[in-house]
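Each of the next two complexes has chain A plus one more chain, namely chain B in the first and chain C in the second.
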Partner chain A sequence: MTTETVLAEIGDLIREVLDGYDLGAVPITSDTSFDADLAFESIDLVVLGTLLAERYGSGIDLAGFLSARTLSEIITLRVGDLAGYVTARLEHA
Partner chain B sequence: MAHIIANGVRLHVQRMRPADPGAPPLVLIHGLLDTMASYYFTIAAAVAGLGFDVIAYDLRGHGRSERPRQGYGVDDATDDLTGLLTELGVAGPVHLIGFSWGGTVAFRFAHRFPDGVASLIVIESEPPTVAWADRAIDGLRELSAHLSDAEEVARTELGALVPAMARRLTRRARELAVATTLVEDITDRTGLVDVYPDGWLRCPLLLIVGGDSRLHSRLDAIVGLLPPCDVVVVPGQHHQLLAFAPGEVAAAVLPWLAARRDARAGAVAP
Partner chain C sequence: MSRFLIVVPPLTGHLTPLRPVAARLAARGHHVVWAGAGRWLRDRLGPVAEIHDCVPASFTVGAREPGLRGLAALRFLVEDFLRPLATAMLPGLRAAIVRHRPDVVVTDQQAWAGAYAAAEAGLPWATSASTSAELCDPYPPNVHDWLRGCFTHQRWVADPRLSPHLILAFSVPALAGPAATTSPSVRWVGPVPQDDPGAWTSPWPTGKPLVLVTLGTQSTETGARFLRECAGALAARPGLNAVIADPGRVVGPCPEHVHVTPWVPQQAVLKRAGLVICHAGHNTVTESLWHGQPLVVAPIRDDQTVVAAQVVSAGAGVRLRFAHATAAHIGAAVDTIRADPGYAHAAARIRSACRAAGGADEAVTHLEALARSTTLIPEVTR
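Showing the complex of A and B:
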């Protein structure tokens, strides 16, 4: 699965997490910031982690992925960082 | 997303369950204005990796759980936890980890249900006393006073380090203060104890404290309320240990929990 495909699917999951919140014209790209662009709360990332595991299997461990990062790194996380992680895990699965 | 109705309230729950059906249950309880994310991003995966059946939930009014108007006292919180364990079918004693208010809830749970707790880890927490409640409310008022002033928020300990996190905390404080009776409920005397009798806590206890925190300045008095316990002081840290010192917290928590797990299994701890 290509990073582009994963990116598009993660975009759909993000919209599901935000559940009706109007993103308006905000496109979800690899450069989109969870905090600055999507106003993601930390608990939204937890929910996204659940959806990722449901979609791609339990090998996608967002808790483990985030545990290795500092608070500042989590706050500045971009969608592309997550897509890269998911793609790499799927390749090694 | 998993939701469970516990004690009449819809709670958001995440469970990290190992393959072993006999894995000992362990509940993570977050602090006021916080969510289970504070554990999810830090120690939850490592604790699950030790073989515990990890249950994380958002307290009522927090995160993705329902926000009823009332029921934010310490005994409401322990009733919610009791309901949650019942609904999840968790029988037998649980291991508890609580941060800040979550630790106070864990202390109260262990006090009310001494046979229901296998071990207790509290991070920057003290048992619920009248003096504790007064201090907690002072802290919330202090936060509220800064709500409308971005520069004031930036001058707080947290604001200087992570402005985005401080802004969110102040916004959550405002939302909870407006939409709920949290402030009144926390100072309600129900569940607050002035003098704890000897032997009130029967399970093993680990207390983790920031070396520069306000709680650390009262550590002797707090330890005086407790049976003999293990104490870890993280030097140079303030209250927000999970956010700013997750590695140090993990270094204290994981070996301690591994020893409790092995003791339960009848093995000899290293």
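Showing the complex of A and C:
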């Protein structure tokens, strides 16, 4: 699966997490920041983690991915970082 | 008679619950000294209060970007404000302890130096938990580790936010939930309503249900978009009356049933309100629930996300996304709460719990017991 495909699918999952809230002018790209652009809260990441595991299997562990990162890295986390992680995990599966 | 040193950061919401506690302590003959930013305290406490200035003039805080939220806001709060504030306050607090010889130090959860100075001097210290969010350790492990790394003085104090002797929580378990009730030193004294600063005369002759909109004292710039969306939602509901606190004057003209004002006598309006829309600030939420008002909560940052989750879990309100909520979302949330009496019933249950919790008098009872205690739990056993 290509990073582009994964990116598009993660975008759909993010819209599912933000259920009922139109992001309006904010497109979800690899450069979209979870914190600054999407205003994701910690509970949103938990929900997204569940959706990712449902879609790609339990090998995709968002909590584990985040826990290996520093506070600064979590703050600046972008959708592309997550898409890269998912793509790499799927390749090694 | 005992001697109390009360340590606060220069943050309005953190002074709020301690003022009535200090007044009750003084009324019972105890000696109370405030420690913090001298001029800031003097402006708020008046000419009679005994104040020990321990924030040097050289201490400054860089401006927080208005849009800062989430973990970025937490990092700013801790690394750029709380940790340097503790370092700046510590020498002055040591001097305050030598000079005023307190029996007990009462320190706000964000004035870490109060815990450090008390522990160094071997004094019992009480935590003032002006929000209940920190009591349930809301952080993931790596954030938790980072935060612990920001505590200096670990040899003296394991965690300056959580006293092993006494934690005064200005909330009730009915709101804070079971996750916040694990620490054995927590005493749930409930919200402490402020002495009413003024009366409020309704600008309307008829008694329609009243909605209060407020984003507290810290979010004037950040809140502009959300406040305008609130005004839009309420303007479209002529069956309601609304008071919108708009300190930044960002809301445009509104129809007659929506009153926009830079300052609101919050206690007086809350007595008459039927619903509150707010940022889930701890004081605003507990004051609203003290009056039994259900809430629409749109948390902006810091502990507000935890407090908003408490409101929803308790069944006393509906949560919105502050960054994305439009007039349609806000209006729908207002309609949901008005249509389902379960929200008001849950708020009424919390109101009863708050009124039974004892407030400032209960806090004073625990502080007096701590002042009398001669055997303390040694820090090292924690």
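By definition in this document, the second predicted complex is superposed on the first by the 93 of 93 C-alpha atoms of A that agree within 3 Å, B and C clash if a C-alpha of one lies under 4 Å from a C-alpha of the other, contacts with A are read in each partner's own complex, and residues count from 1 in each chain.
One rule holds for everything that comes next: a residue touches a chain if its C-beta (ideal position, glycine included) is under 8 Å from a C-beta of that chain, and two chains touch if they have at least 3 such contacts.
These figures come from a predicted structure and were not determined experimentally.
After superposition onto chain A, the partners chain B and chain C occupy overlapping space and clash. Judged by the touch definition given at the top, the superposed model places A:P27 against neither chain B nor chain C. In the superposed pair of complexes, A:D35 makes contact with chain B and with chain C alike. By the document's definition of touching, of the two partners only chain B reaches A:D61; chain C does not. In the superposition on chain A, contact is made by A:L18 with chain C only, not with chain B. When the two structures are aligned on the shared chain, A:V47 is found in touch with chain B, with no touch to chain C. In the three-chain superposition, chain B clashes with chain C only at 168-176, the remaining stretches of 24-32, 42-50, 168-176 or 330-338 being clear.
On chain A, the surface patch touched by chain B in one complex and by chain C in the other comprises residues 35, 41-43, 63, 66-67, 69, 71-72, 74-75. Within the complex formed with chain A, the residues of chain B that make contact are 1-2, 12, 14, 16, 35-38, 40-46, 58, 63-64, 162, 164-165, 168, 243-244, 246. In the complex of the two chains, the chain A residues touching chain B come out as 35, 41-43, 45-47, 49-50, 61, 63-64, 66-67, 69, 71-72, 74-75.
Note for the complex: chain C touches chain A at residues 67, 69-72, 75, 138, 140-143, 146, 299, 305, 309, 321-326, 329.
Contacts from chain A toward chain C in the complex involve residues 18, 20-23, 35-36, 39-43, 63, 66-67, 69-72, 74-75.
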